Amino acid sequence: MVDFSKISEFFESSNIPKNMLNRGQLVLNEFLNPLKILFEQRAVPDKPWTDDQIDFLLQTLSNMDTDKDINAARVGEREARIASKLHLRTSAGFCHGVGRSGFLSAPQPKAPGGSIMYEITNYLARNILRNTGLPNIKDAIVVPLCTGMSLSLTLGALKPDSSINKRTILVPQIDHKSLLKSIDLMGFQTKIIPGQIFGDAVRIPIEQIRNNLDDDCFAIISITSFFPPREHDNIKEISKFAQENNLVHIVINAYGVQSSEWMKLIRSAIDAGRVDAIIQSTDKNFLTPVGGAVIASPIKEKINKISQTYAGRASATPVVNFLISMLSMGLSGYQRLLKEQQENRELLERKLGEFAEKINQRILDIYNPVAVALSLQNLKQKQIYALGGALYNLRVTGPRVYNPEENTFGTCCSNYPIPYIVMNAAIGASEQDITFAVERFEKAYYQIVQ
Amino acid sequence: MVDFSKISEFFESSNIPKNMLNRGQLVLNEFLNPLKILFEQRAVPDKPWTDDQIDFLLQTLSNMDTDKDINAARVGEREARIASKLHLRTSAGFCHGVGRSGFLSAPQPKAPGGSIMYEITNYLARNILRNTGLPNIKDAIVVPLCTGMSLSLTLGALKPDSSINKRTILVPQIDHKSLLKSIDLMGFQTKIIPGQIFGDAVRIPIEQIRNNLDDDCFAIISITSFFPPREHDNIKEISKFAQENNLVHIVINAYGVQSSEWMKLIRSAIDAGRVDAIIQSTDKNFLTPVGGAVIASPIKEKINKISQTYAGRASATPVVNFLISMLSMGLSGYQRLLKEQQENRELLERKLGEFAEKINQRILDIYNPVAVALSLQNLKQKQIYALGGALYNLRVTGPRVYNPEENTFGTCCSNYPIPYIVMNAAIGASEQDITFAVERFEKAYYQIVQ
Amino acid sequence: MVDFSKISEFFESSNIPKNMLNRGQLVLNEFLNPLKILFEQRAVPDKPWTDDQIDFLLQTLSNMDTDKDINAARVGEREARIASKLHLRTSAGFCHGVGRSGFLSAPQPKAPGGSIMYEITNYLARNILRNTGLPNIKDAIVVPLCTGMSLSLTLGALKPDSSINKRTILVPQIDHKSLLKSIDLMGFQTKIIPGQIFGDAVRIPIEQIRNNLDDDCFAIISITSFFPPREHDNIKEISKFAQENNLVHIVINAYGVQSSEWMKLIRSAIDAGRVDAIIQSTDKNFLTPVGGAVIASPIKEKINKISQTYAGRASATPVVNFLISMLSMGLSGYQRLLKEQQENRELLERKLGEFAEKINQRILDIYNPVAVALSLQNLKQKQIYALGGALYNLRVTGPRVYNPEENTFGTCCSNYPIPYIVMNAAIGASEQDITFAVERFEKAYYQIVQ
Amino acid sequence: MVDFSKISEFFESSNIPKNMLNRGQLVLNEFLNPLKILFEQRAVPDKPWTDDQIDFLLQTLSNMDTDKDINAARVGEREARIASKLHLRTSAGFCHGVGRSGFLSAPQPKAPGGSIMYEITNYLARNILRNTGLPNIKDAIVVPLCTGMSLSLTLGALKPDSSINKRTILVPQIDHKSLLKSIDLMGFQTKIIPGQIFGDAVRIPIEQIRNNLDDDCFAIISITSFFPPREHDNIKEISKFAQENNLVHIVINAYGVQSSEWMKLIRSAIDAGRVDAIIQSTDKNFLTPVGGAVIASPIKEKINKISQTYAGRASATPVVNFLISMLSMGLSGYQRLLKEQQENRELLERKLGEFAEKINQRILDIYNPVAVALSLQNLKQKQIYALGGALYNLRVTGPRVYNPEENTFGTCCSNYPIPYIVMNAAIGASEQDITFAVERFEKAYYQIVQ
């Protein structure tokens, strides 16, 4: 492909001794070898790549796009002309974006390099999901949209023909604004099946779901990752139910890739019934900047459909970000992070548990491999309200303080009996995050009760 | 804000003479001064910024976001954790993206700097449109979506209440896949009013549009920039028509900012009737990488509505790219590009005209300030077909070759009589693009006819 | 050399159509082609390279050095270990520097890539000098030292054997501190032959030089570029004189490459007698940051000697900087700069001449293709003194104001009759530099005389 | 100094809530705070800075230099004009270099920012040496030269007046080419006092040194760090001897900062007698790219003298590199590296010792806190010769194999009885370096003896 023969000739005839040149070549090959393997195996590399290697790949590919061709004559209205070299950084050189006439994964004649980049990235998306618990998916695509908009897109793609006049989606209660908006945006109705309390946990029994089915329903949403007290759905049963009733079934696996337990639920669901698409955030699961999602499916055609439904082109950056994440962590790096997440989750529960005992509260008994919830029955309404602000000022980000007396949204049911706080030990968090957060929570708590 | 007093003290007590320090301070202030002016005037700077100045702004703001806080305790499931430093480049440091719970322009507590960045960027978007022909818009927002998906979003936001059961959109024939997909995606029906031939041009008479109105229609689309033979719509009349009939009216101004004539049409339309939203591509008009659009409106509330309809967060990169473009060109730089566009448009027509004469063809008489069309009546069907590939291989990108006998899609009517080729002299194209393109077209033409 | 076959295989089997791949390959080859040509021709490229191309070359070569080898076992005391990735930027990746045991251009086993980089850079140094007026040099080396220290190094290398007890160097008066220091540093004596006034110019007649020769002299320095009223030396005659008397002859051509006239003097001198070494600044002639020099010689052995005399290794950065300059300008770019320099020199003389007339002063009649001097006889001693500071505060850098009454150093003679100001139109200066400087000089002048 | 008030005003009037702005300001201040502390304390920071913080400092300072002033009128022959933006990277923006008319640390009117950068860097140089064992030095300077050339410069600066005709330097045998060249370069004679064998070690007894003193001697060199079998000099006694005999005494502490024991020797020597200058490599001690040295002295005037002796300006890069190292490691990071070095040194001795036992050889009994030597008496001459190449091919860099029968240079004596190999566990080496090196040595050994 790249012909470096003249350079080699120079090397041969230079003053540099042969064994030194061989040594140099050896180092260079070591640098370039992972690129070869990537294209050969179409899989997430085992070992992390260096930034320079990632850069080299991105530069080589983006230098195949026609906007880099100084001898091109460009007379379209869209030619990836840029105002500043800084744009090459933010786009990693892929100024043409991805997609063609509203077919996300279609090759773009003006962007051969960008097209290759997108193709290999989608291979990695499929590969990482297969490696983290979903061997039974057939295809996956990285979309430059977050979970919410990805759900809109998926609904738009998988909605019934205009001849079939069904417009309702079953939603086992999920108190999450973006999700509900994504359905509203598309003009569909939601039929929410309310959560019920089981001990500390909130669940939506499959019988309730069955009871709510009516003729206008064409789809059902289910979730894995969510925050307590809401537990994951019984996805396997929902999957069977979807199959029996010919419903589109979309699993929102927002940050669920990090838990092998959640992933196992999806795998069984795929085997047991009908799952059309599984949507996961690239930033929450794969440590990219916000802006992308991986949509996967056990049916190749569905992904194709979704890809073709997108209207127009899109920024290549969220796609590149996923690629960067995969290459910079490698499978081994990612597995190490999964392990650390588990350890941090244990640490969080232990630390919070210790503090709970001190203040006569308790860890709520809710299954969640990422988050931990602690009761706050000792606090008065005003104190609960003050807690969030106090934590923000103490530089704790991400905790959720709920007081069902004031607002039920977030509890996923209508009658949760007690206030509580939720903290996450999510992938990428450090031990320090956990220990600092609990220490400062303690500090904030005593500030408030005084 | 930033307290540099200790540094100043060092300077004072250093071995560096006072007048040298003053000189140094002078240079540094010159470097920083544009930042002050930007926030003071909230307007596109007159003169271009240097890359270093843009970098400095982006770094300062992104260093206000909580993910940069090494003393933070981060226990959310989404904390803008990243796998690689390369992500800081692709996101310009704004790893939290933009938007909050599906409200694009809402400030994010975890991203104070990103929130400021987005706010100032939206000011610049409004400002540049006011400066290029639309003084009568009230608000604008940069969305991380291309024109097509922006139309979907806008339709989703401005669609009637679910109580009102109207689902049809009037579309004066626009043969553009992304656009049609964007309506399909949302589940709406299109009622296309076919184009008619007027001399060389294809137009959709307002009477035809009126005649097509029925009870299910709730919106109408109109366009400015498009490729010949289709001319821009009579937006002013459509605007009046929309007002009279209570229709949502969305103007697709895809790459129309570059033409003061097209912009004038929109300005009059706003004044004369009802325009809900005007959508323009950031890459086609403002030389960013693909991935963003500016949505503007004469009614502040509409923009607010659109911003709130977005489901979830989004990549900050398309927003940052628009900001980079505005700062790196400045108003003066942008105006210079507009002037060059006009000159190149003239050059293109002259060069193509000269060649047309040689081969007994003619420039089609169609109003278009960006594109020029040339008849290809001399060529046989097979030759016409071969022309596109020949041009691609000669490294000409962007020309469109149409043969209505083979395929009417693209002509915006059912009976266009002759084949033709379209070339654009769009903003950002160079003189060389134009001359090379015509030369190579000539070459390809003679290759083919031989 | 680099085997990309696996990548090609992926391309072939990908979804990307063949003609698109060919197009991408074409663009990539265009990008890489200059590298091939560089190593084939070992000459300054005709056309400028892009920054990305330069980067690619530097990265490829620096990735051959052993410090990049993650599988190396490094048990030396010097292994190019670095504390920060930022060091890769400042060294362009060549952390091992250049040189081995005090032989600058010897290949370093730990740095095959760095060794190739240095070798090709020295070829370019020889090539650019041959192209700008010195076809008769045989070798050249880029040293990581400025002109002054390069003279010290050259003197150290070419000094007589310790058995020959000669320690004096003839210097036709050059009032330049660094130069005199460079001789002092080496412990040699200078025998300065005083300048004499010829009209406005200061010259050192060859007869005076002859008269000053004594038994302790082993070398003579001559100069081309200097500031008025001192003119260049009669290098040809000095060259003959050096040959006759067996003196080492070193030409200080500090910023003389930019003038074909000065270069012609050296060429003739080489042909007519003895020139051992010619020293030129990389920053003054080739627009690098400060820190390097090119030492050239008509005798290959001399360059070898100098290279072997350097004690230890050195920073690779000044070498890389010269390489960057050559590649980023290309021969055509450099020649354009030379032409602009000539035009700016004319402009400077015209502008200064116009002002001179206004204030009844005159341009001094001194040959200098870069600088122009203007008499300041109207000003009082205190006013002359104030002028320098006034110009500095008006942001004019580089002018020299001389008042022989106060200080003769700088005039290169003992009795220069009048005060004057010198300005340069050096390579790389812009038209704006010239016009602003004269305008502000005018402003400062009137401030002072009021 | 920098007035950000307009920006603050925007923040206040923006849509961003006040508590979010405070939070953002807090993060930004945390980012900028280390800069304040640096200039306040003029000391190596305790904690490492991030790359972005270092970048920010370098950019702010380099943006004070006049070459960044777009409103300057530059009419000197040297104005830090650059051919490419890449030069800003290699020079960290300090295109003017350091030094003025051959006074390295003199402020440059054209480079106020560069001058401040150099001043603070020299403070850090003094500070780190005071913190690593030399509280009794008074000043230090970072020079853009390696150890060898730094010795040349120091000798040039501290040599006797030309009236005093002394030209010999006492050198306790040091078999290091660069060092000997640095003396040759300056035209001085070396009087080498031969090493003697004491057990396994080679030392030069102080009595022998005393005996060699003659009237032509004006200076003496001593060393700390060197490779076995040569041990460090008895610097304290040499210091007394230098004082008694009025000799300039220069300590070559090439890579000695990493050992508190070697540093202790120098500290005592300073207290006990005369030490003029101590020279240490920046790359070997402080993990910069090759190209700089720190020269320190207990007498402030000596450093001033050396600084003033340099002929001309120099590249700023080696200075910046030292600054980058200090900021990126911080004192705590540096101390951790020192600790790791000690552990790796122990590991190296243990691993080599184990292998020595297997092959009936032994670790030589020589004091050296960095290197370990192993006897190779089992090997034949040809085998010893082959060992070096074998190790190079196995990617082991840095080991030294000596066979005194073939070549005595390197043993620092005339009659070392046995062959040996030396390996280093130097600062910055990893555990992997050590284990891999010994494993591969073992492999190479068995390859060779078969």
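Labels for the chains are A, B, C and D, by order of writing; each one numbers its residues from 1.
Everything that follows uses one rule, which is that a contact is a pair of C-beta atoms (placed from the backbone, for glycine too) under 8 Å apart; a residue touches a chain by one contact, two chains touch by 3 or more.
Remember, it's a predicted structure, so these values are computed and weren't measured experimentally.
Engineer: Comparing the two chain pairs, does B-C have more C-beta contacts than B-D, or is it the other way round?
Structural biologist: Between the chain pairs B-D and B-C, B-D carries more contacts.
Engineer: By CA centroid distance, what chain is farthest from chain D?
Structural biologist: Chain centre farthest from chain D's centre: B.
Engineer: From the C-alpha centre of chain C to that of chain D, how far is it in Å?
Structural biologist: 29
Engineer: What whole-Å value do you get for the distance between chain B and chain C if each is reduced to the mean of its CA atoms?
Structural biologist: Once rounded, the distance between the two centres reads 48 Å.
Engineer: For chain B and chain D, what's the span in angstrom between their mean Cα positions?
Structural biologist: Distance between chain centres, rounded to whole Å: 55 Å.
Engineer: Would you give the residues of chain B that are in contact with at least 2 other chains, written as numbers and ranges?
Structural biologist: Chain B, residues with two or more chain partners: 23, 26, 66, 69, 71-72, 109, 392, 395.
Engineer: Report the residues of chain B in contact with chain D in the complex, numbered from low to high.
Structural biologist: Result: residues 1-11, 14-17, 20-21, 23-32, 35-37, 39-40, 42, 52, 56, 59-60, 63-66, 68-72, 105, 107, 109, 112-113, 115-116, 119-120 of chain B touch chain D.
Engineer: Touching residues of chain D toward chain C in the complex: what are they?
Structural biologist: Within the complex, chain D touches chain C at residues 51, 54-55, 66, 69, 71-87, 89-92, 94-97, 101-102, 109-110, 144-149, 151-153, 156-157, 159, 162, 177-179, 181-182, 184-187, 189, 225, 227, 254-255, 281, 283-284, 286-292, 309-318, 320-321, 324-325, 328-329, 333, 348, 370-371, 392, 394-399, 423-429, 432-437, 439-440.
Engineer: Could you please specify the touching residues of chain D with respect to chain A in the complex?
Structural biologist: 19, 23, 26, 389, 392-393, 395
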